[in-house]
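To keep things simple, chains are lettered A, B, C and D as they appear, and every chain counts its residues starting from 1.
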Amino acid sequence: MCGIIGVFGSDRAAEIAALGLFAEQHRGQESCGIAASNGSYIKLCKQMGLVKEVFSNEVLEGLKGRVAIGHVRYPTCGSSSEYNSQPHVVETLFGPVFALASNGDITNYNSVKEKLQEKGVFFHSNNDGELLIRYIVYKIVYEHKTTIAAIRELMAEIKGAYSTVFMNRDELYIFRDPYGIRPLSVAEVSDGSYVAASESCALDLLGVKWKREVKPAEIIRINKQGLQIYENNAREMREGDSEKHCIFEHIYFARPDSFEYGENVYDVRKRIGAELALADDVKADVVVPVPDSANFIALGYAEKSGIPYEMGLIRNHYVGRTFIQPDQTVRDESVYHKFNPLSNFFTGKKVILIDDSIVRGTTLRKIVKLIKSKGATEIHLRIGSPAVQYSCFYGIDTPSQDELIAFQKDYREIVDFLGVDSLMYMSQEMLGRTVAFPEKYCFACFSGKYPVEIEENIRRKIIYKECDFSYHR
Amino acid sequence: MCGIIGVFGSDRAAEIAALGLFAEQHRGQESCGIAASNGSYIKLCKQMGLVKEVFSNEVLEGLKGRVAIGHVRYPTCGSSSEYNSQPHVVETLFGPVFALASNGDITNYNSVKEKLQEKGVFFHSNNDGELLIRYIVYKIVYEHKTTIAAIRELMAEIKGAYSTVFMNRDELYIFRDPYGIRPLSVAEVSDGSYVAASESCALDLLGVKWKREVKPAEIIRINKQGLQIYENNAREMREGDSEKHCIFEHIYFARPDSFEYGENVYDVRKRIGAELALADDVKADVVVPVPDSANFIALGYAEKSGIPYEMGLIRNHYVGRTFIQPDQTVRDESVYHKFNPLSNFFTGKKVILIDDSIVRGTTLRKIVKLIKSKGATEIHLRIGSPAVQYSCFYGIDTPSQDELIAFQKDYREIVDFLGVDSLMYMSQEMLGRTVAFPEKYCFACFSGKYPVEIEENIRRKIIYKECDFSYHR
Amino acid sequence: MCGIIGVFGSDRAAEIAALGLFAEQHRGQESCGIAASNGSYIKLCKQMGLVKEVFSNEVLEGLKGRVAIGHVRYPTCGSSSEYNSQPHVVETLFGPVFALASNGDITNYNSVKEKLQEKGVFFHSNNDGELLIRYIVYKIVYEHKTTIAAIRELMAEIKGAYSTVFMNRDELYIFRDPYGIRPLSVAEVSDGSYVAASESCALDLLGVKWKREVKPAEIIRINKQGLQIYENNAREMREGDSEKHCIFEHIYFARPDSFEYGENVYDVRKRIGAELALADDVKADVVVPVPDSANFIALGYAEKSGIPYEMGLIRNHYVGRTFIQPDQTVRDESVYHKFNPLSNFFTGKKVILIDDSIVRGTTLRKIVKLIKSKGATEIHLRIGSPAVQYSCFYGIDTPSQDELIAFQKDYREIVDFLGVDSLMYMSQEMLGRTVAFPEKYCFACFSGKYPVEIEENIRRKIIYKECDFSYHR
Amino acid sequence: MCGIIGVFGSDRAAEIAALGLFAEQHRGQESCGIAASNGSYIKLCKQMGLVKEVFSNEVLEGLKGRVAIGHVRYPTCGSSSEYNSQPHVVETLFGPVFALASNGDITNYNSVKEKLQEKGVFFHSNNDGELLIRYIVYKIVYEHKTTIAAIRELMAEIKGAYSTVFMNRDELYIFRDPYGIRPLSVAEVSDGSYVAASESCALDLLGVKWKREVKPAEIIRINKQGLQIYENNAREMREGDSEKHCIFEHIYFARPDSFEYGENVYDVRKRIGAELALADDVKADVVVPVPDSANFIALGYAEKSGIPYEMGLIRNHYVGRTFIQPDQTVRDESVYHKFNPLSNFFTGKKVILIDDSIVRGTTLRKIVKLIKSKGATEIHLRIGSPAVQYSCFYGIDTPSQDELIAFQKDYREIVDFLGVDSLMYMSQEMLGRTVAFPEKYCFACFSGKYPVEIEENIRRKIIYKECDFSYHR
């Protein structure tokens, strides 16, 4: 998962980019970077660390200019080095005048890269973003294409998810893959500048005149002449009929105050809770979320069921998100220090525990054990998504199938492993009811139906398995 | 505000201290430090920064030993330098063999310091903790007193709030001022080691055999012979009849999962919300907390009033607590990026907005303006405490009276300044009802009745003012 | 002044480069750098500091490869930034695969740079070396020339002094301007590898099979096929008949153990001393050099004159060379701490004080004053070169004419300024007698006769002045 | 070997200390430090590195005050850590108000340390200087002695070499052991301030009114009342009749421009060369020193013998002194890059090679081989000291006897090992003739006659061996 930002037309472009990245920090905490043009060339600062640590006033002072792009990164592929972080700036004899930042994974990365390498193009990293920028710059510099033409060729040739911002020294380009897998919005700000961002919450800071989502396969160019939209026939560019937005953005990744794929994220989350409650009939004293990702789902459940909502687990906010930390060992260790139950709260209570999803199940197991040790008499686990049985190849760092508990174990085994008194996943149907157009979403991590072709050497072997998880109690 | 920790009898003493400080990080984010004894002398590491940043495995490796104390600091007095951070280690010809960490402010700091200076004692800082340790060490080294005797003299002579841990190379001492102003608990861990901490949530991590609060004026010594309690007649040592716990710990500072002064913090907060609801009769669509400090108060209000609880404001957790950041400018700036309303949420709604307290009112004013701009039709502000009209001299960094909105303005002016449709503070009576023994608490920031004498040159001039804030609507 | 090194064909190429630079450290102490190819691309490390400080084993480990070039820098033009230091690596879409290091100054820098800029070529610095590499790479990448052809065009178009090493990922090129202004030698090492260096002392470390100087206008290519020489008709490429080596290398810059322009440097220096002695008839007790640059000249003088050689001034070797330190203030300050007279040595003595040259005269004046204060009865100053009246534009950092004492003052005034009892410069004729082919040398700093044309905007205004300095006593 | 400095009465005390240390840099290059009093307490900066690297203007700015002491260190005992570097500042409850720097080794270190440890005194290091300061401070603080009395007791109890400066917040004390083993001078500067230094060359910078050596067992106190001398009967305090200055200061350590033990160092060195020449009758073409330590000895030899003096070996000054680098491996490696012969110089020549001493012989062996490889037909090695057969325990870092070539091998074997055609050491008698009072010197490293008792556990076993080295050819 990553977050991107693009700014055009403000004297404080890099500063605005930093604010935007700060609002998108939840999308990636490993590294962050901003590239900014001073009109004659592009300067870049990217580093491991949080936005507020990296972008001091002094650093931003060095990034003065009117066009800027930025990126926060949680590593999906490639090692945790600076070369693999974004934005990428490509230097030619004409100077450092092209930069790009992208969110999503390329599914035919290897074959496209090899083609470019055969032409002599050099790669510093295994990062998808570097492939995109070198593809475009090669077309511009050595094949003398316009930028728009180069991006159109890219869309025809490169498969996968890529919500992208690209800049040269005086223009900003914004484009999104034909499936619209990852979110991307654009806005005009009251001072006449333009901003693009992965999530709309990053635009809200700025007092926008208007904002809208970038359409699948759309290319937007912003320069001194203003904003120009280049439409492509997205349908022709994809195998299936419809776009395929990532449903996990709604379930877990996006900030609840964002607006994505035509929906308020928090509304979707509350509807998820309500769907769970509707399907449920367990008797309990309290509804408790695993904070903070399940807070809204739990609220929705509580409202619909009439069982009181209680924040019985306290989260230490000085750790990062569980999902978002590169090393498994670190993730495990930190669980113990991340959640603490309210004192004397759980004693004698029947608890409905809500979480957004189960990936490996290791953290949840510890939480259940902790709550039991505090005297809860029953724990009924309710999950705001179907069972995750398949890996994602479009930009979410799901582990390989071996590590997915719902691939490794069946329903009964999972209940035993977690130590809960009952467990209910959502069905895909239930989840579909929480959005307006369920056919426009990718459910591959639940169903194994991958909408975009994945090259052999990229996808780890996918094993399909018959197993009924939905609607159990 | 600060947090302290003390550990005796574990081979991983410094590591346990770091975990405890991590749990108490909300009490101070400016600097942190740990001192640990390897049996022959004490090593110290203290730095600006968060616990997770400062205490790497490598640093902890260098702090091996079986006795350790630690401190997180939010600066109440003294500049933001390392000398002013804690723990303090005092070195004599006999080596660096004494260390101390304390929470609270000394109210006769200047006169005690001058006495010691007349004897030639040198001070590196203006920090209260350094006064305490030099006082004790002087008694031990130059007056040949026992440590217990030295601490008893300290209690008789030094006024104010001091929940303290003190160590030499093989003993840990824990003591608390006669009024018990700041919290302090101690526990025995299952492996036979002992831990003391400002808040019980720091003990919960460790699998404790038993835990209890340290009593006012109590001195606890832990060494190879085990734990020994030295009681003092606290009543004789104080002017008033009863201990005077800081009520603000319940309202704002303590983590909701802590147990302080015989109460579960989260219970008190929910009761505060319930008291507000009982006294209220406004009609509204939603109850929305200013997250995260008012979450529990809002839950209590919602439960009692039947109006739905909604987390309509999203907090970016990558900033620190508003209250806890040394520089006013920084505080102001960060407000804009800290809270974002849910999209389309407030439109047309009558909102009950809950906050824990109003100090300057500047942040709240911006929040109100933000919510209004999102279409809320009415905002009714409910505050989980009486009006803060007086500065604290016992360890909370309240600004001088000039900056307190409730000192500067009357009720009507505050309503206008904040731009709300109605405003209700709690009365002191209402607040008293939320705890078992209201007479055991200090309400000085609301009432101006300071239980512990404050030396002339420390207290800024206190101005009393007749003004009725309670129970307005 | 700078020193360069090039290595081909050793597995320890970067390490050998570092050793060579260490031997050439006297040619530049501000920054140093090494670029090395691992076969697929070129890595670079350049930093402010001395060779022994910058090139730790760890750094060299990261520069593994079989081709390497290096540079030590004393800034003649451009600011003291890292961008202005060398080697330069140019990156294109094909990666970082070209690197260059050069010694000498370009005299038509501005006009060549503008031509390239008109074609869109971007420059990071105002450094001569960057001009050379971008010139070559442009020819290779965009005009599809061979490297040899590109360098030949360079020699036809670019004027000035440039002893240069250029590399791609598997070849080393060595070339020198048609005048041979700066030194450059090449050697084959016993293990079959090749090394090029500014000074032969850098080759002596390595156990060479053979070494020789690179001829003016010669291009040498070394790759897997071995060493190939590409001769150019140097005479056609220059305005004058003969090469024009810098005579100052013999007088001051080169290490005495180097062999340059067909001469042993130390022999030339001793001959300079002998010439001075021959022309002199002053009676004195001792011959004392200003250490270390005048040691050999003084030895030659003493030998020829029969007056005892004494090292009466002790030099603190922990300072750098006087000439070599960017900032005038620093230079002045350090004079006092650099030289100390032997105690009781000078009392009552008539001293012949020898220095290699007088530039500003400020240091010498202080030395003279110091020696006088120690009781010397007479000081007769003898200078191993003619009066420096003109600035150098070929790579030596002489100040502008305003600062040259021999331009500002006449003979009598200089004697007064320095406070000596007598002063003798060499005549150009005398200096000519110390080398085999005086016509092959550039004497421009003494004569104002600049052999290579200097572009208007580069040369500061040159003022000619009639003034007889030579052979005075 | 170390160098010390003390300054009293100047507003720029720390800056003057830095200049003095810079002049004494040859006495220690590993670390350096300065302690300075601002009137109320002492600040300290000590670091690994050279004086010019450590003491920037910024650092000196932080050391403002009127009393300062300093130290450069080459580690004789203890590891290369900062704790083992000097000056030492001891902190008590009264603050950091005592500091000390010393040159020399204590020979009853262990027994004195144990006595203090029994009283509870703590040591951070194994450094002799820390023993001295804790001894003094204990007497002052816990036994209520005056500083003069404390130093007198120290002189009676502590054995060995200690030229020392000690300061409190407003006084400077200077004292030297009863044998006067290491040098120490004091001067009054023209502005009324006072400076003490190991070597007089450090005083020469300052424009002194008068300077003199501190006498053995003398204590000098400088404070607002001026300079006061406290004499002790040195003779009573030592076992032997006479002081015992280190003769190696004259041979190798001291800077030639220093005045030590009543002699000009350079005069002694030239006399050493003359003595060698007088005793010699070899025919040769040139006298060549191993630079720079043997330069003066070679000059003396050349003058007396009439054979020309030539600096045939060029030393790269960017390395340190061979003798002065902690790690043997580093020492060996650097030899190759440190000396380069003049090109074509040695061919066909008979060479008298002069060095000051032979310790291990490994470096000399390489130099001989190098010169032979350049075509020298004969090499006659002449050494400016007798054979070093015994370790020093008074402050010079001679290796243990096992590593001393003159202990391990006899004359013939050494000649073979070094590969020279002849070898002549000085006899002790010859060396004695070069100074006015040979009986006042310590020759223990040649004779094994240790003037000051060495405690069992400090001296490595000393083995005496009959072997005639002197006056061979």
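Criterion: a contact is a pair of C-beta atoms (placed from the backbone, for glycine too) under 8 Å apart; a residue touches a chain by one contact, two chains touch by 3 or more.
Everything numeric in this text was worked out from a predicted model, so none of it was measured.
Within the contact network of the assembly, the step distance from chain A to chain D comes to 2.
The chain with its CA mean position farthest from that of chain D is A.
Separation between the centroids of chain B and chain D, computed from CA atoms only, is 58 Å.
With centres defined as mean CA coordinates, chain C is found 67 Å away from chain B. Centre-to-centre separation of chain C and chain D, using mean CA positions: 37 Å. Multi-chain contact residues of chain A (touching two or more other chains) are absent.
In terms of which chains touch, the assembly is arranged as a closed ring, every chain touching its two neighbours and no others. Those residues of chain B that touch chain D in the complex are listed here as 41, 90-97, 120-124, 134, 137-138, 141-142.
By the touch rule above, chain C contacts chain D in their complex via residues 19, 22-23, 25-26, 50-52, 200-201, 204-205, 255-259, 264, 266, 292, 295-296, 299, 303, 308-311, 314, 316-319, 336-337, 340-345.
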